[in-house]
Structures are given as C-alpha cells and as structure tokens.
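Presented sequentially are two complexes of chain A, the first with chain B as partner and the second with chain C.
Take a look at the complex of A and B:
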C-alpha cells in the first residue's frame, strides 16, 4: 500500500537538530533570521495549513506551465495583439515593468527564509516559494519578449528595475523595505501575510477577470495561474505571525501589519487603481477599484486581523476616505508627468467619465473640472499646455507625489530631523518613517536628488537619467490628441 | 485610427548577445539582480544590506562580469519541472514496486538495521545541504547563478523527502525501524559527528564565494558520491536492495548537474579574474581535511552492513 502524504511528510518536514559545533545564534543570526530571537523550541510548532510535497510540486507546476505555454503558442501572434485595446496594452506594459523583476527579488526573499527561517518546515515551504517566484519572473519575461515585435517599449519588462525611473525608485524603496532588505520574520509578515494574502489577489485575480473581458486570454491565463502559487506560499506568514504573538511580539506584529498595510495601499493606488480605471476599456471593467478593495481586501483582511487579536490600523478612517479619491488624484499626476513614465496615460473619454461618475458619485464634481481644463489646454495650447514642468513634491517615505487625498484636502506634512526637512504625503507615511528612522533617513527622493545636483534638473537630461529614451519610450497621451477634443498631435509622435 | 506604435525590437536591450536572438533560457534568466552591485534603495547600514555588502560585494571570490556564466543545462523553470517530474515518475514506480512485490519482507534483518541506523538519519544532513544551497542562491551576484542554486536547493528537498518516504515505508513494513530515533542517531552516533561538524561549520561560512566552494566543490562531490553511489548504491545492491540503488541513481543525476554548473562557474571566475585560482585553492585546502574526515568516517559504516560491496 502506497503511503499517503500524512503518513510520511512530517518525517521530512521536521529535520531541525541541536547544533553542537557552532551556536544556534550563529546559524540563525538575528540580522537575517529576525527579532525577537527565540530558541528553536519556540518555533517547533510552526505548521503550514496546506502541505505540499516536492513530488506534487513538480507535477502540478509542470501542468500549470504547460497550460500557460500552450495558450502562449496559440495566442502570442502579432495579429492577436493588434486586436487588443490600446489602453489595455499600456496596462500590460505597466504591469510587466513594475512586477517582473520585483518577483525575482521575491525569489531572493523566499531563499532568505529557506536558509534563515527558524523551522525546517518553514524553510521547506520557502524553497518551493522561491521556485514559484522564479516562475513569476520567467513568465512575464517570456511574454514580454514576444510582445517586443509588436511594441518595442515592452523592453521595460526587463529593463525597468535597472533604471532610475521615478516610479521604479518608489517600487524599489517599497520592496527593499518589504522584503529584500528585511529579515526572515519581518519579510514573512510583510510580504507573505500582508502583501500576498492581503493585496496581491487584487493585482492578479481582478486583473485576470478584466483580461478575460478585454480578450487578452494569454494574460488572463498567466495571471490566474500565478495567483494559485501565491495562495500556496503566502501561507508562510500565518504561523510566523502566530509564533511572534505567542512570544510577546504582539506590538511588533501590529506595527508590521499597520505599516505594510499602508505601504501596500500606496502601491495599489499607483499600480492597480489608476490602471484599472483609466486604462482598462470600459466594457472589460467588472467592478470598480473601490468595490474590489472593499470586497477582496478589506473584508478578507479584517477577518485575518481578528483571528490574531490584532486591531485595525489606526489610520483606518483616512484609508476609507482615500478609497474614493486617491487613485483619481494620482491619475491626474500621472497624466501631467506622463513623459517620465514608460507607458502611455489616458485622459478619460465621455463614456469613461459616465462610468466613473456612476461608481464614484463625487467624481465629476471633484475631478471633472481638472480634465475639462486639460481638454481646453489641448484645444488652445496643444500638448505643451497639458504637461507639468515644475518639480512635484515627493513623499520621503512612499516616494510618490504628495497629491492625496483629493484637491481641496491636502494631507501633506513635514518632519524636521537632524537638520533636514522631510516631506510626507500623509500622517501614516510620516508615522512609519518616525518609527524606523534608521531605515529611512538617509534616503533621497528623486526630487531631493535633483535639488542636491545628483540628478539633472533639465527634463531632457532627466529622461536620460531615468533610462527613458525620448521620444520613443516616454509616455504620451494614449490617444495622441486624435480625439476631436484634442486637436494637436503630439509633436514627437 | 490607432496611434502609431513604438518601433519593434528583436530582443531586450540589456541582453548582450550582439546580433544573435537570445535563447529562451537567456531571455528568462539573465541580468535580474537589479540590486547588484551596491544598488539597494535603502541605506547601507541596514543590517541585511550590510550583510550583502560584506559577504557578496565584499566576497573574496571576485569577477567583473558574472553575467558571463551560463548554466550548461540551460535550466528554465518550466524545463526544471518537466525534467524532475519525469524523474519522480520513475521513483514513484520504484517505490510502488516495493509495496506491490513484498520487497521489504525479503530484505535481511541486518540490512534493515543498517538502513535504520545509517541511511534514515541522512535526511538531517540533506536538509543542511538544502540550507547551504539556499544561502548560495540568495547571495549570488548574478541571476543565472541564483537560479542554479535555487534549483539545487529544491533538488536537496527532493532527496531529503525521498529518504524520508523510503524510511517511513520501511518502518511500515518492518518492525524495529524507529523514525523517532533518527535525530538522536544523527546527533549521537560517532560516525556521523565529523559530517555534522562539517555541515554546521559550512552553515556559518558566510562569504558568498567560500560558501559556494565549500558546499559545491568540496562537500557535495564527496558526500553525494558516498551516499548516492556507495551506501545507497553499490552497498545496497550487494545487500539485496537494488531498488534503493535505482532511486539514488536518479538522485545522483541531480548531483551530477550540481557539479557541472559549479565547474562552469569556476571556469568563468578564473577566466575573468585569474587570482581567483589561488583563493579557490586556499578554500579547498582549508576545508578538504574536514570533509575527507567526514566522508571517511561515514564510509567506514559500510563495514557494519551484512555484505560488503564488491570492488
């Protein structure tokens, strides 16, 4: 009779031993393994909820890859790409650039846990998690490479993280903080628990549903398949959090959850919210970003918090208020500074405005006038009138422009520290900074670098510094002024 | 009318293949560590970044261009699972055969005792090797090296799980095999202690280059051969356990690749920076006595098996 998984897997999962020739603390140094540093006895109850063997892993993953690559060979033809909505294509370009190499950094994070995680079962899960993240790098790199024939700017799938493009600097700052420059305990909570169980399904599953409706079936298949891996390895976070709380680390746990909730929210505004509601064609939109957040993130995650006896983050009210407006404000910023992006940015057309007003009853009143003014600029001064030229104020924590929550309500704040005046988009960003000053004080935002002469102040030179080859790669108005209300063509097109 | 599209490209601009279109392996594996060298966004006194600066950028194994390394097997994620799934099918078949043919009943008491004492506890050092590979992978300065070492860590998981499965299967079929005792054997039996010392000392060797050389050029070639080809290989066959030999034949294929990619990497390191030759030799000289002592001590347990392997 063949043994079932439960008959033998514990024999393989639990293989820690007592160190004799070196100390346990040398093998698991606190700077990599994390604090509080507890002897292994405290960790031996570490158990993942859903178990997987190596044998099951290679078989399942092979089948999943076969399915995605099968669709790729059928559907990555140029004529199929030609049929895709132009806004949707920009979304894919944005997504690929922002995520492909970040996933690879995620593989390094999983490998850190595979070596410095405190229980063998944790290390084993993380070994498979590292392979997952290699997969999540390789799929977009492969699909992005196929798209180069169609649009050479898909080069940013591979190139983005090697550049100083400002949004990528913001992403690097976040991902360094979340996992690449974090010890095993912090990263298990920040990456696996908060980001992967809390937020990543929005980027992957919600986007997959829209990809389906936008007839980009290959992208849909890839995203949905990736999310099934995330669901497996994200469970690393729960037993780590539980052990931390059981050993007097509840305040620390609450801090990490609050901090990363806020930082993930900022990421989602930038990466998901604006793309979902300004680049996805209206007919492909299922729910609004706010509706997705309410249903997929807030409801699910508050249940998780309750399970551990943790509180909602202290900034909950501000977060709820931002749901109605932060990504709309951000979109205005993206539009005005679009030449510093690697993808095109859309001004909503009449149909999209109706949709936005329906989903966000105050949208027309708050944001309508800004877009109207931009239309008028197109009509009277051409593209030049629609671009921002002044340096934006950049938050010293999230590295995004300080333009939340909405016009008329400015949440920006400052902090004087060590003779330097730091600027923040909001109280939560300042609070995070203050809690971990040693982590963040030395960092300079893009604008700080320009002011200090470390980055060029002239836009043309700045494009070069950011790795953007102008005018080919620099972001444009999605419709290039071809709509009746934007008469002037983009001068560089 | 759709706006004009940016001109097409043949390949990613950072792929240094000149005019040649890069292979699928190159497209998905190259130049992915955007933080190397010294390119974290947070400050250098962050403990983890300081660790990288000290042990990766500051490693005594140096090269100008680690991107010159390519895995001789050109392993992609998809290729890895495809290959390993096929190999695991074979091992599944072997383990099923044990169940279906009453194989374990025919093993001699002496051999079962040997497996219980010297084979089953090997899952502990196998896990040590998994941890070592995971360390090499996360510290490597180039993504193609990281990928090889990450797949190696997974291979070590495979070996450890197959040893565990086989031990549990044997315990199911034969009284006297005690799964709860193996940790104690690993920690207590004299013949295991030099190996335990070797693995423990390697685990706290944090210079990236030294960890690579110690693990993949010193420990593994000797130990993998001893485990996969001798103890669970020829010795198993001599004791009427040819299926164990077949299982470890498959595991030794993994180990053969670990040697092959390491050799290719050492070639790149020496061609790039000739002084590496001396550094690598120093590490090998320093670690070889400990490693030889560990493998000789473990090899001697073969004498306690009922039959000795021929030759």
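Take a look at the complex of A and C:
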C-alpha cells in the first residue's frame, strides 16, 4: 500500500537537529534569524496550512511552465504584439522593469529564511519559495526578451534594477527595507504576510483579468501562473506572526504590519494605480483601482488583522482618503516628468475622463483642470510646454514625489535630525523614518544627490545618470501629441 | 422557510462541470458531481478569487489563483484542510436547479 502524502510528510518537513557542539543561538544568530530570539520550543508548532511535497512541487511547476511555454509558442509573434493597445504595451514594459529583478531579490530573501528560519517546516517552505521566485524572474525575462523584437525598451525588464532611474531607486529602497536588509522574522511578516498576501494578488490577478480583456493572453497566462505559486510561500508569514504574538512580540508585529502596509500602499499607487487607470484601455478595465483595493486588499487585510488581534494602522483614515486621489495626483507627476521614465505615459482622452469621473465623482473637478491646462500647453507651446523642468520635492522615505492626496491638501512634512532637515510626503512616512532612523538617515534621495553635486542637475546629463539613453529610451506622451481630440481647437476662456 | 431561487437547468450543467451564476447579488458556483448539484459562494476563502475560474477534477475544485483545493461534496478543504467553502442548500425540481439563498441563521 502506498502511503498518502499526509501520512509521511511530517517525517520530511519536521527535521530539526539537536545541537551538541554549538548552541542553538550560534546556529540561528538573532541578527539573521530575528528578534525576539526564542528557543526552538517556541517555534516547533510552526505549520503551514497549504502543504506540498517536493515531488508534487516539481511535477506541478513543470506542468505550469509547459503551459506558459505552450502559450508563448502560439502567441509570441510580433504581429500579435502590433495588434495590442499601445497603452497596454507600456503597462507591460512598466510592470516588467519594476518587478522582474525584484522577484530575484525575493529569491535571496527566501534563501535567507531557508537557512535562518527557526523551524524546519519554515525552512522547507522557504526553499520552495526561493525556487518560485527564481521562476518569477525567469518568466518575465524570457517574455521581455521576446518583446525586444517589437520594442527595444523591453530590455528594461532586465536593465531597470541596474540603473539609478528614480522610480527604480524608490522600488529598491522599499524592497531592500522589506526583505533584502531584513532578518528572517521581519521579512516573513513584511514580505510574505503584508506584501504577498495583502497586495500581490491585486498586481497579478487583477492585471491578468485586464490582460485577458486586452487580448494579451501570453501576459495573462504568465501573471496567473506566477500568482499560483504565491499561496505556498506567502503563507510563511502567518505562523511567524502567530509565534511572535504568542511570545510577547505583539507591539513589534503591529509596527511591522503598519509600516509595511503604508510602504506597500505607496508602491501600489505608483505601480498599479496609475498604470491600471491611465494605461489600460477602457474596455479592458474590469473594476477601478479603488474598487479592487476595497474588495481584494482591504477586506482581506482587515480579516487578517482581526484573526491576530491586531489593530488597523493608525493612519487608516488618511489611507482611505488617498484611495480617491493619490494615484491620480501621481499620474500628473509621471506625465510631467515622463522623460525620466523607461515607458510612455498617457494623458487621459475624453472616453477615459468619462470613465474616471464615473468611478471617482470628484475626479473632473479636482484633476480635470490640470489635464485641460496641459492640453492647452500642447496647443500653444507644443510638447515642451507640457514637461516639468524644476526639481520635484522627493520624500526621504518612499523616494516618491511629495504630491499625494490632492491639490489643496498638502500632507508634506519635515523632520530636523542631526543638523539635517528631512522632507516627507506624509506623516506615516515620517513616522516610519523616525522609528528606524538608523536604517534611513544616510540614504540620499535623487534630489538630495543633485543638490549635493553627486548627480547632474542638467536634465540631459541626468537622463544619462539614470541609464536612459535620450531620446530613444526616455518616456514620451503615448500618443505623441497627435491624438485627434487634441488637434481640435482648444476653447478659450 | 428558505428563499429558493432558480439557478439554472440541468440542461446547461452537465455531470462533472461547474457554472457561475449570480443570485441575490451573490456570485455562486454550481457544481454537478456524483449525480448531485452543489452550490457555493464563488469566492475562494483564501483571497476572494472566483472559484469558477478554476478546475473541477471529479470532486476536487481547485482555485485558479493560488491552487487551494476543496471537496465539492462537503465544501471542506483538501489543501489546506482547515479551509471550507460557504455553501447553499440545493434541490431539483425536474430539470430546474433551485438554491436556497437565505442567509444562514435567518
């Protein structure tokens, strides 16, 4: 008789040595394994809910890769890409550059837990997680490479994280904080629990649904296939959080959750919110970014908090307020500074403005006048009139421009520390910075570097410093100012 | 008394298949397995993805998003075992599938 998986799996996943020649603390030093440092007795109840054997893993992953490669074989043709919506293709370029090598950094993080996680079952899940993350790097690199035949800027799939492009610096700052420069406990909560359980479902499954409607079935298949891996390794966070709370670490847990919720929200505004509502063709939008956030992220996250007896983050009201406007404000910044991006950026057309006004009743009143002014600039001064030339104010924590919320409500604030004045986009960013000063004070934002003479102040030289070869690689207006609606006479007051 | 609503017909739901419907503004997935129809909320208890986008292999329903698997005969989790689906009572009136959408406890 063959044993069923659950009859033998514990023999494989629960293999913890009894150390005789070294202490447990030497094997798992707190600098790498995390604090509070607890003896293994506290961790031996660590169990993952979703169980997988290595044999099942290899078999399933092979089938999944075969499925992706099958779709690639059928659909990776230049003429198919030529038929896709041009805004959609910019979204793919944006997504690939911002995430492909971040996934590879995720593999390093999983490997840290595979060595320094405190229970063998945790280490086994993290080993599989590292293999997952390598796969999540290789798939977009492969598909991005295929797309080079269509558009040379798809080399940013691999190149982005090797540059000083400002949005990539912001992403790197976050991911370093979240997992590369974090011990096993902190990264399990920050990466696995908050980011992967809370947010990645939105970035991948919502985008996959939109890819389906945008007829980009290869991207849809790749995103969905990647997301199927998440359930296995993202679940690492739950038993780590439970053990932390059961052993007097509730305050620490609350801090990590609050901090990473805010930091992930900032990333999502940039990566998901603006892309979802300004690059996805209207007919492919299944829900608004706010609707996705409410149903897929907030509802699930608050359920998780309740399960562990944690409070909603103290900045919850500000977060809810930002749902209506932060990504719209951010899009204006992306548009004005588009030459510092590796993808093109769109000005919403008439149909998109109707859609935005329907989903966000105040959109037209708050943001409509800005786009109208940019239209007028196109008509009177050409493209040059639609670009920003002044240095933006950059937040010293999230590294993004301090332009969130909306015009008329400025949440920017400062902090004087060690003779230096730091600038922040909001109170939560300042709060995080103050809680972990030692991690953040020495980092200089792009603007800090320009002011200090460490980066060029002249835009043409700055493009070069950011790794952008102008004018071929630098971001442009998606429609190059040639959209019919823009050629209509602009009404004068 | 239940709030029995017409959810479809056996002419449209064959043995071994599932179909998504909406009843009282609730997304519902109907599964026809082992000669019986089962109805569950069409939201995976993991992260709310629609179960009807997944696959039904005999009695195992696997979510397409993260591969959580459930036994549609009981609604209980196969992997993870601690999970369970929110089910609704089903009865047949000839070929017509009726689902009781009254919230539990009301």
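One rule holds for everything that comes next: the second predicted complex is superposed on the first by the 483 of 493 C-alpha atoms of A that agree within 3 Å, B and C clash if a C-alpha of one lies under 4 Å from a C-alpha of the other, contacts with A are read in each partner's own complex, and residues count from 1 in each chain.
In this section, a contact is a pair of C-beta atoms (placed from the backbone, for glycine too) under 8 Å apart; a residue touches a chain by one contact, two chains touch by 3 or more.
Predicted, not measured: the structure shown is a model, and the values here were computed from it.
Visitor: With both complexes overlaid on chain A, does A:370 touch chain B (first), chain C (second), both or neither?
Guide: Once the two structures are laid over each other on A, A:370 reaches no partner at all.
Visitor: Give one of first, second, both or neither to describe whether A:37 is in contact with chain B, with chain C, with both, or with none.
Guide: Touch partners of A:37: none, neither chain B nor chain C.
Visitor: Contacts for A:205 in the overlay, against chain B (first) and chain C (second): which applies, first, second, both or neither?
Guide: second
Visitor: Is A:355 touching the first partner chain B, the second partner chain C, both, or neither of them?
Guide: In the superposition, A:355 contacts neither chain B nor chain C.
Visitor: In the overlaid three-chain picture, which partner chain does A:227 touch, first (chain B) or second (chain C), both, or neither?
Guide: The answer is second: A:227 touches chain C but not chain B.
Visitor: Which chain, chain B or chain C, is in touch with more residues of chain A?
Guide: Here the partner covering more residues of chain A is B.
Visitor: From the superposed pair, tell me which chain A residues show up as contacts to chain B and also as contacts to chain C.
Guide: In the superposed arrangement, which is not itself an observed complex, chain A uses no residue for both chain B and chain C.
Visitor: Which residues of chain A touch chain C in their complex?
Guide: Touch list, chain A to chain C: 49-51, 60, 197, 201, 205, 224, 227-228, 230-231, 295-296, 299-300.
Visitor: Provide the residue numbers of chain A that touch chain B in the complex, in ascending order.
Guide: Touch residues, chain A against chain B: 1-3, 7-9, 11-12, 15, 17-22, 26-27, 31-32, 53-55, 57-59, 61-62, 65, 69, 86, 101, 104-105, 107-108, 111-112, 114-115, 120, 123-124, 126-128, 130-131, 134-135, 137-138, 141-142, 144-145, 148-155, 157-159, 161-162, 169, 172-173, 176-177, 180-183, 438-443, 472-473, 476, 478-480, 482, 493.
Visitor: Mind pulling up the chain C residues that touch chain A in the complex?
Guide: 46-49, 64-68, 79-83
Visitor: With touch defined as at the start, can you tell me which chain B residues reach chain A in the complex?
Guide: Touching chain A from chain B are residues 1-15, 24, 27-29, 31-35, 40-43, 45-51, 76-78, 80-82, 84-85, 88, 92, 95-96, 99, 123-124, 126-127, 130-132, 134-135, 137-138, 143, 146-147, 150-151, 153-154, 157-158, 160-161, 163-165, 167-169, 172, 179, 183, 186-187, 193, 196-197, 200-201, 203-204.
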